[in-house]
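What follows is a single structure, and I will ask about it in a moment.
Labels for the chains are A, B, C and D, by order of writing; each one numbers its residues from 1.
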Amino acid sequence: MKTVEPAVVEGTALEARPSRGGHPIVRVFRERPSAVLGLSLVLFFVLVAIFGPALAPYSWTQPSGAVFAPPSAQHLLGTDGSGVDVLSEMMYGGRTSLIVGFAAALVAMIVGGGIGLLAGYSGGATDVGLMRVTDYFLVIPDLVLMIVIATVFGPSLSHVILVIGLLLWTTTARIVRAQVKSIRERVYVRRARSLGASHRRIVFQHILPQVAPLLIATTVLTIAYAIFDESALAFLGVGVPGVSWGTMLEHAFERTAMTEGAWWAFVPPGLAIGLVVIGCYLMGQAIEDALNPRLRVAHLSIRTWRIRKAPAATTHLDPEPDREEAV
Amino acid sequence: MSLLEVRDLQVWFDLPHGGRLHAVQGMNFAVDVGERLGLVGESGCGKTTALLALMGLLPPSAEVDGTVLIDGTEILRGGEDAMRAYRWTDVAMVFQGAMNAFNPVKTVGSQIVEPMEFHGTATGAVAKREAADLLELVGIPAAAAGRYPHEFSGGMRQRAAIAMALACGPKVLLADEPTTALDVMVQAQILELLVSLTRDLGLAVILVTHDLPVVAQVCDRAVVMYAGRTAESGPIDTLFHDPRHPYTRLLFEATPDLIGDAEVVSIPGAPPRLDRPLVGCPFEPRCDRAFDRCKVDTPRLAVVAARHEAACHLNDVAPAGIGSGVG
Amino acid sequence: MRRTDYVIKRIFFAVMTVFVAITINFLLFRALPGSAVTNFARAPHASPELRATLTHEFGLDQPLWKQYALYLNQLVFHGNMGISFADNQPVTSELAGKLKNTIGMVFVGTFLAIVIGVVTGFLAAWRRGGAVDHASTSSAIVFYALPTQFIGMMLILLFASVLPTAGMRNQVNAFFSGGSTWSNLKDIGLHMILPAVTLALTLFGEYTLVVRSAMLETLGEDYVLTARAKGLPQRRIVVSHALRNAMLPIATLVALSLGFIVAGAILVEIVFSWPGIGQAVYEAVATRDYPMLQGAFLILTLSVVFFNFIADLLYFKLDPRITE
Amino acid sequence: MSHAVSADVGPGSPMGRADLLQVHDLVVRYPVRRGLMEAIRRRPRRFVSAVDGVSLSVAPGEMLAIVGESGCGKTSTAQAILRMVETTSGAIELGGRDITHLGTKDLRPIRRDMQMVYQDPYESLDPRFRVRRAVEEPMVVHGIGSSRAERERLTIEALERVELAPADLFIDRYPHELSGGQRQRVAIAASLVLDPRLLLADEPVSMLDVSVRAGILTLLDQLRRDGDMAIVMITHDLSTAAHFSDRIAVMYLGRIVEEGPSRSVIRDPQHPYTKALLSVVPKRDPRERGDPQILQGETPNPVDLPTGCRFHPRCPVAEDRCRTIDPELRAAGHTPSDHRAACVLV
């Protein structure tokens, strides 16, 4: 029978032990600067999206200046191919992109999380069945399917959100299922079952609290992918009707802003998408690393252990005098 | 002059959240040709760290002090690169979790041949034949050389690990809890193999374990470790019948025996934290013979009899009374 | 015995997936708004006889399941995927030519991405926590986060004067075949630089991060400690032990991502109007050319299934423990 | 703590110590994963009988130790008794009532009477539950203790009973703020609040340090004496079994090959396997060498069992008839009547 010593090798894996109590998500933001950077990036753009339209200096649909006017006092970010103020477009466009991103991620979380939890916890035929379905969805190239569906059913906000959400849930489902399956085998869950606790109680008391942080991490990563896909759809002309960062890029491309040297027409939306995606990625990655610090202490790296330079006091009372000199 | 001698071995670990863990606080021991030395102690006492330090296998966060002599030549202070020449040719090692001591995607035979070819002790067909002989020596059919580690049972994998350790004909074999994860019958087979190797090949073995009876039956001498230091060391027979450190006696009393009605008593309390400075004797809070001097003055390891050392003030005050109870 | 089971199961799964893809493809276009059935045959400027042959070939006036049988029959045995609305040419031959161009460009782009990704990922793991680690991880994240089309547009802005930025001059669609003269090849090569570089910049990020975590994972394994104990030098341990095991997740990821890259190249092809399958999809979307769209979707899905199967075989070949 | 005595058999009923737990010919089988080819060629499904006909009984206040090497079926036996694994055949009676195939609804109240302590102290407590909530959960599940205050009182009482005193020092801690030994005591306390009549302990101390083990074992020993609780302890450590249990059952390849009072089994073993096992257990005193009888090879794969006596391929005293006879458990002449071994030589 296994009587392996507890995994703590003296002095090397100490950091694997969670230091303080408190909710894991809160602890992540206290301990990891990258998570805070990610959060601040995303929050900045969320605020812009909420208050943007009210503060926008000009209309984000009607032209208010010359075509491709460079950034100036009146137009801080210049104007695009049809003379619309880029800053106003950015402010309003952000709202659409973020709405699509967050809503699609929510759909993916609910569908993916639900299927992952169901498959992971019930195991057996349900698990195999659900996972087969997920495998098929995973194989279908999401961008192409999105294009086909958007073309066939016509672009609308809800369509785009649904399409992106329904194609991003597979990764969430697989990650959640793996975590739920491993928790279900944990001793304390088997003990709860042997106590006679009902499945409902076990899921809500033991499994969900443990899987919630990982679900949050995966959902935050899905927001990044969703915003990415929205901009791709917009670029193909089947995106969301109205203004979004994606449509701004497509608009700038149609008007060949690049060859006109009008960088201000496409750099702000491109960078904005990039920064939000980076923000989501940093947050999601930080939470996931905090959850399972699976990166063991590397046995091999460029740095090696060191010899102590300062002579340490001898700890040994030696009867034979000659050994003293040798040290 | 002994085959392998360790003087004032100390190891510090830099902890990720600051602070330093003084995992090994001064170890002194030696082993001769064909001798079996036990390093015994509970988890967290520094026995595995001391063994890894001997081979220079510590992570980058470690700082080491002290000297390690093989046949009189110092090997530790040269650091990782200098030690490489001595590894496997002079000192070899068998790890506790034999399961992943082998590279899963390479055959066992190729992993035994690898050190031979690198150190130049044998190459090509000669090496292959020697690997086959070693497998037979440890009781595994030579044909198994072509098979992968996951096809071996627990006991067979540990035997293969011993065969791999003997690849370059080392003088000293370090074994870190080699039988902890094995059943009592398979453990007996492995221990019998180790004893026969010391007898037939003159191999010196240092056996790290928390299992006192194993040390009692297999080792000639033993070092009892507590809180990173040597509590007591000497011939195993005197350690049982005439212990000169209360911890040694209490450890024997806490170990149940097959026959015998002596009451099994646990030792209250827990070992001290090694990331805090030490005041007085580390065992004082749990010792049943502690007196005022123990709280203040840290006992030094002193010779109490021929090749028998102990770190306890009682030896200066009332040596006779320490051992009553076990002998 | 058990290992052959694994291969048979993977083949079965691949075939099933293809079947499902074809079915979804069929149903999707039958769910078109309006009288979908006639859409398929109402090629805008097709002659009445052409429309009649199409109706006959695909049984457009038959009940749905009958159509499905005919659709399968035409697809599997005749490779006929209907007529493109744009130029009345059979879809299959159109797409074949365009696929060749895509594969050419995608191959170069992916190769670049893999090289950059593996090198930076490996160095990041090896010098974990050092400057190289931070530099390569952050550059990987940044490029991974920037939209592909944005990277393309930036490259055009920066290199418009130096490199050709729009589709091949003489619309040579037979990238591989045809005794193209040296100048022809040079022209294709020049045109390919920017799209391939864009693709590489988009993809290398993922490879860097995966290679880095795979390497860190293996560097923490016990057998690396054993190899170090054997006295082997770091270089040899990294190559023959750590890298050998890290290849498992890396190889599978590369194979898996190859499938999606073909689809992902759409954006790059549009920005640089590269005459590949991506460009074909873009035009089919604009002109609602359903047969073309349906054909492209099928080919892209098949390529994903194909590369997934390759990933399974690679994993099977590299890992002797596969017996499940 | 008053406890409703169910059914007719009460502890210490007048006609001697009626058994609390009785297991008759328990068999637990797991299907072997069939290859694709085997499935297609309709080859019969093969099974592994982890438990192949085990009968045992435990009286209130008695501790039975089940010992054996890995793969001998001791854990599957415990899992089957606890109804965590489906029994293929045989009967399990708790307090005189047959619970082998009881429905989950009827089984729930019975689960109160039988609790399990698991091997890994680092895994047996939910890392998000403070000690208070971990000990209270069983009470909430079974509706014990009318108010929070009463449940608090019962929790503190249980913590003190497992020597985690003063309770308020531990009650609000998270598992990672406790040592291995303390965690195992919290797990035991969480079982005690239900006042179970049977406690199954699967390797309760094998992952703890030597100095802490004795504490947990003496605690279990004391619980069964004053709590009149029956304990079944699963262990591979014969010394622990010898020292703390009343009776020992030695298992090999899914069968009990020897069982009886601990003293008699340890000092006068009858079955060759028990003799070999006892001979290789290292003794504390270096001078007590003994002559270890080391059996070669390891416990064979239970899928293809040897014919006749399942131990004969490894048995040092095997005879021809051992290849055909599958011996029953029977008492040897000179040993007490309830010390039985399954060997032709007995």
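Structural remarks
Throughout what follows, contacts are C-beta pairs under 8 Å (C-beta built on N, C-alpha and C of every residue); 3 or more make two chains touch, one makes a residue touch a chain.
The shown structure was predicted, so the numbers you read here are calculated from the model rather than taken from an experiment.
The central chain here, found by comparing per-chain C-alpha centres with the mean of all protein C-alpha atoms, is A. For the pairs A-D and B-D, the larger set of C-beta contacts lies at B-D. One simple way to say how far apart two chains are is to compare their mean CA positions; for subunit A and subunit D this gives 46 Å.
Separating the CA-averaged centres of subunit C and subunit D is a span of 57 Å. Chain centres here are Cα means. That of subunit B falls 33 Å from that of subunit D. Subunit A and subunit B have CA centres that are 46 Å apart. Listed for subunit D are residues 69-70, 236, each touching two or more other chains. Each of residues 43, 57, 97, 183, 210 in subunit B touches at least two other chains. Residue positions 1-6, 297-299, 301 of subunit A each touch two or more of the other chains.
Chain contact summary for the complex, subunit B toward subunit D: residues 42-43, 153-156, 183-189, 192, 210-214, 216-218, 236-237, 240-241, 250-252, 254-259, 264-268, 270. Put simply, subunit B touches subunit C in their complex at residues 55, 57, 84-89, 92-93, 95, 97, 100-106, 114-115, 118-119, 148, 150, 164, 167. Note for the complex: subunit B touches subunit A at residues 7-8, 10-13, 15-17, 21, 23, 25-26, 28, 43-49, 56-67, 76-77, 79-80, 96-97, 177, 180-181, 183, 210, 229, 274, 300-303. Listing the residues of subunit A that touch subunit B in their complex gives 1-6, 8-12, 14-15, 19, 297-299, 301, 303-308, 312, 314-317, 319, 323, 327. Those residues of subunit A lying in contact with subunit C across their complex are 135-136, 139-145, 147-149, 151-154, 224, 228, 231-232, 235-238, 246, 249-250, 252-253, 257-259, 261, 263, 266-267, 269-271, 273-275, 277-278, 281-282, 294-302.
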